[in-house]
Amino acid sequence: MIVVMNQGATKEDIERVVDKLTQLGFRVHLSEGVERTIIGVIGDERQLAGASLEVLPGVEKVMPILQPYKLASKGFKEEPTVVDVGGLKIGGGHFQVMAGPCAVESREQILEVAEKVKAAGATILRGGAYKPRTSPYSFQGLEEEGLKILAEARERTGLKIVTEVVDPRTVELVCRYADILQIGARNMQNFFLLKEVAKVDKPVILKRGLSATYEEWLMAAEYIMSGGNYNVILCERGIRTFETHTRNTLDLTAVPVIHSLSHLPVIVDPSHGTGKWQLVHPMAVAAVAAGADGLLIEVHPNPAEAMSDGPQSLTPENFARLMEDVRNIAQVMGRKIGTLQ
Amino acid sequence: MIVVMNQGATKEDIERVVDKLTQLGFRVHLSEGVERTIIGVIGDERQLAGASLEVLPGVEKVMPILQPYKLASKGFKEEPTVVDVGGLKIGGGHFQVMAGPCAVESREQILEVAEKVKAAGATILRGGAYKPRTSPYSFQGLEEEGLKILAEARERTGLKIVTEVVDPRTVELVCRYADILQIGARNMQNFFLLKEVAKVDKPVILKRGLSATYEEWLMAAEYIMSGGNYNVILCERGIRTFETHTRNTLDLTAVPVIHSLSHLPVIVDPSHGTGKWQLVHPMAVAAVAAGADGLLIEVHPNPAEAMSDGPQSLTPENFARLMEDVRNIAQVMGRKIGTLQ
Amino acid sequence: MIVVMNQGATKEDIERVVDKLTQLGFRVHLSEGVERTIIGVIGDERQLAGASLEVLPGVEKVMPILQPYKLASKGFKEEPTVVDVGGLKIGGGHFQVMAGPCAVESREQILEVAEKVKAAGATILRGGAYKPRTSPYSFQGLEEEGLKILAEARERTGLKIVTEVVDPRTVELVCRYADILQIGARNMQNFFLLKEVAKVDKPVILKRGLSATYEEWLMAAEYIMSGGNYNVILCERGIRTFETHTRNTLDLTAVPVIHSLSHLPVIVDPSHGTGKWQLVHPMAVAAVAAGADGLLIEVHPNPAEAMSDGPQSLTPENFARLMEDVRNIAQVMGRKIGTLQ
Amino acid sequence: MIVVMNQGATKEDIERVVDKLTQLGFRVHLSEGVERTIIGVIGDERQLAGASLEVLPGVEKVMPILQPYKLASKGFKEEPTVVDVGGLKIGGGHFQVMAGPCAVESREQILEVAEKVKAAGATILRGGAYKPRTSPYSFQGLEEEGLKILAEARERTGLKIVTEVVDPRTVELVCRYADILQIGARNMQNFFLLKEVAKVDKPVILKRGLSATYEEWLMAAEYIMSGGNYNVILCERGIRTFETHTRNTLDLTAVPVIHSLSHLPVIVDPSHGTGKWQLVHPMAVAAVAAGADGLLIEVHPNPAEAMSDGPQSLTPENFARLMEDVRNIAQVMGRKIGTLQ
């Protein structure tokens, strides 16, 4: 950490900061420049999280140097984490495609879509039983009934199941049915939910918040990891910008950035990332080219009748077409696409 | 709602949309323009929340016309809502100042700050017992112990208490101590928490999410109101933009905008809105001038030792100075500042 | 265009709007809904650009339906525009790579880099002779001297030349040397410069402004086209968001979106889009996969000594490695990569 | 400046950076921390503008410490700059209101509005003769004809004139008529225009770019000042965010922030800042309360007929009402409102 004193800072101001840092167990390094003094702080600055040096007289700004996350960082673990979902591997060159509808609407819908996405090459079935909807008047999900339908689809097809968990009170229940828990974008900083999924032994897909920086996203992963669950898969799903033509702005650069900062796998959701099914195909293949470890794609047997996210859902036919390009690009890029045994 | 067909749309495409809308119980109005046909839809478009007309062939876009919120809208209730907190009124010309530290750290801290903010003119004491912190390694709050300290401060000073609720499992517990519940910015779309505070009979301060539009914010209020709790106070606390000099970008225009769209009171938190105590004073008085129904200000007896948000906390002395300007501006603007009996 | 009247609008309010529209030569279509009246306006709404219906009593909002651009739209021209740069084609499946340093610094630098990017497969050399720098104290470019160096490099290598034009007074001069003019992001809405490049018969690369919507970007293209120059190539180079880890947020979705709205070719600049050379390779190949019609890449013989944009410049060796992956992906995607005769 | 080496940096990597800095004339200060070495750099880091230390092996990041602007900074000049416009003072407690239409449309319009805004208390008349419009099909301004009309209005009323300059080729012409030149938001980084207005001896209002940081804004001021023109007035006019209900998001916090970083005066334009005339009044008074040194307000005799920006223009009657509140708040805040002699 660097403490930059302002131009008018007095000797007393500098001593006060030095004293405070020394008391807290840090070593300091004074450097008197042309215009101002800067104080280098040696020690683990993460222990300063609470203290407010900015408030001391004469302090202009405090600049952290270390990343605030530890367990999620490359400094902690150099080689990529490979998350294992009942034999399916994600990360470190292993690539999986997860597909299915936004919401579980009925048994028929799920069983139909499961067969079709499996046939096209997906290995994991997605579908929401608890839906965090912007409007209280929208369909809120089938709840446990929906989880049972997903489990039946798994039994019939062998696909693994990923579904969203939205409430600390239902984490345990969802764990009984799901192979992977998903934390949605709006819950990325629902810290009390993160603490709950930290306690279970299921992998967690952690979606990036709508306006979360890379650092905040990795700090959310740190919540889960520091609570004991190391199987975190990050998912880029678009951020909020000034552009309204698309639902969100898909930030594909997140893929190589996260790979440079962290050992965790990162997948991409081009369905939420764009909000328009016509844009899903090009952005999905671009995600593979950018180095993503997997895709999360919304597929609905009849998008016009979808109870949620119809405009961004692919038909099974379009999904099958997408999978061909995904396979081609993945091959060129040397990625191993997972298959069911 | 307006459905805009694209230039190449066929008669069949148009009929398909008309048929679907008619089946759903809407009346339609065709208008064939120079370049394209548009379909006016008559009926309560909010009932369409699930349907995905955009997916039908020939549809270019669907433009909603009605606001998606009802109970929070001026259409539902023209005159301003005045929220009553044990005799203190907020809204409709009534103005209250809420002040106190970010986090409850100790009994001494709270009792000291309570006496001082009361002396300066605040009527409501703020302080967090459960802290949603970006880092899992930061101080996470005193929990029920903190709530008890707040309650003791109320008993001694007569100040009302506002404190944050972060987890559906502790809403009931917090209600035992607090006069107002606060939903933090990161939980604005934690719908399962919103549904919980909708069931209690305490007023709720609903902070605007970091990247929430006015409409999404009012939809979050709608969650609480549609669940039965009409005493919602909106709180502007800054949004996330590209500017990093300040912690957030305080959007004071939210005050007159919300007053034009909704009957609910709206207060301003310039402490989180700026992140720097030097900026709190000018932005607090600007908020009063813009028409805010109250202020939420972080005050700490010793900001340099604060366990959270020190840099944006006023000292009690600076808070007292601020209150003078607040009173002056409020008087010019014809606002009634609340006082304790 | 749709005019939405508010709930309290009177008959007189509605008549006033109808009269005004009728006087302006539009036909109108009244539709009385459950809660409010909406007025459909038939005629070319672009002629209303000046009029301010929102100001009339009883008007809640005015919603345009047509895109405000004509010549740049797919409605004007369905098949993709193929821009011809002295035999090199861009657009409609034809793909070119433009590479070179941010700034022309010296004859040696340019001749060296030109040979190397040509050897790796680039067909067009980039380099700035006029530099729009954030700081008045930074290197501002070699001006005409720089243009002459670029022309010499063209003569020696056969590479075409793209260089930025920054001032209406030097458009003519730059045209004497350049094969393609570039309008930088900060000048996307420098309308008086756009009007100048509209008059010349050189293709123009129009970079997207830092906070320009797709519509504003296409409107800037419309300025150039309506002035007579139809050879516009759009270039996505990243937008400004809250994320500061990268210099900008590269919005690759712009590629399929522009292809859906316009017939103009769109290329990608991952160097400015990310600001870090380590991220250029993955984002360049992702751009090809997303469907881009070309790439604009910063290459410097010695990035550590670059007078501008060193951190985002590839070495010639890294550029050669990138070209291999670009070729592989382009082949899979069916794109024709240009070569010099 | 601080150079942070990464964890794997070798001794050679560190020496390479130290050598390079020493060659460039800097003194360095090594500090070996627990996890990494940091290098403090002593000397005027602004001289490094070109060099790219980030590219050297082992360098993790380079953190500037000094602000990149000099002449615009408080370090250069502590007391506030008071700009004198023919006897009218702006800054240092002196406050002026500038009002008038977006565009000069006709002699009648300008003479009428000039009389009315003068009667209400404005001292400076605004009006655009050259209009930078998003659409090439919109009204582009009366050009010199418009300037002459403004000059006539000045002669009749004694109001000073502010008008926008958009093209380096017409700066001289505009100077013949205007008392203050305005640089619009879209031209804030049109550096070749900035260099031109730097040469004249008229005060310049420099509007903040749509997505400009405070630092970039002050760097644009630095362009004008380093070219010789010290009479720069900054103007906050809203930034681009995700919120679309308002035209821009007015960032009033810019006022105290600029006052803390710079000696230059800062005024506020709530008309562009909100885009809706109903919001202009509350945000104008809030701007005064926040400490603004002036206001720039769009007033049109008949907003419904305005050729540009009608929805955000006040009628003369509403402007007169606003001026009453402005005077009241200014008095409470101890600001001196200018009057014509």
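A few notes on this one:
In order of appearance the chains are A, B, C and D, and numbering begins at 1 in each one.
Operating definition for what follows: a residue touches a chain if its C-beta (ideal position, glycine included) is under 8 Å from a C-beta of that chain, and two chains touch if they have at least 3 such contacts.
All values reported here derive from a predicted model rather than from experimental measurement.
Seen from the C-alpha centroid of chain D, the farthest chain centroid is that of A. Taking the mean of the C-alpha atoms as each chain's centre, chain B and chain D sit 31 Å apart.
One inter-chain figure worth recording: chain A and chain D are separated by 39 Å, centre to centre, where each centre is the mean of the chain's CA atoms.
Between chain C and chain D, the centres computed from C-alpha atoms are 26 Å apart. Among the residues of chain C, those touching two or more other chains are numbered 211, 240-242, 244.
The touch graph of these protein chains is complete, with an edge between every pair of chains.
Per the touch definition, chain D reaches chain C in the complex via residues 20, 46, 49-56, 68, 132-139, 166-169, 186-187, 189-192, 210-211, 216, 219, 222-223, 226-227, 240, 277, 303-311, 313. The touching residues of chain B, counted against chain C in their complex, run 2, 4, 7, 29, 31-36, 38, 40, 42-44, 63, 65-66, 75, 240-242, 244.
Listed in rising order, the residues of chain A touching chain C in the complex are 211, 213-215, 239, 241-246, 249-253, 255-257, 260, 273-274, 278-279, 282-283, 285-291, 325, 328-329, 332-333.
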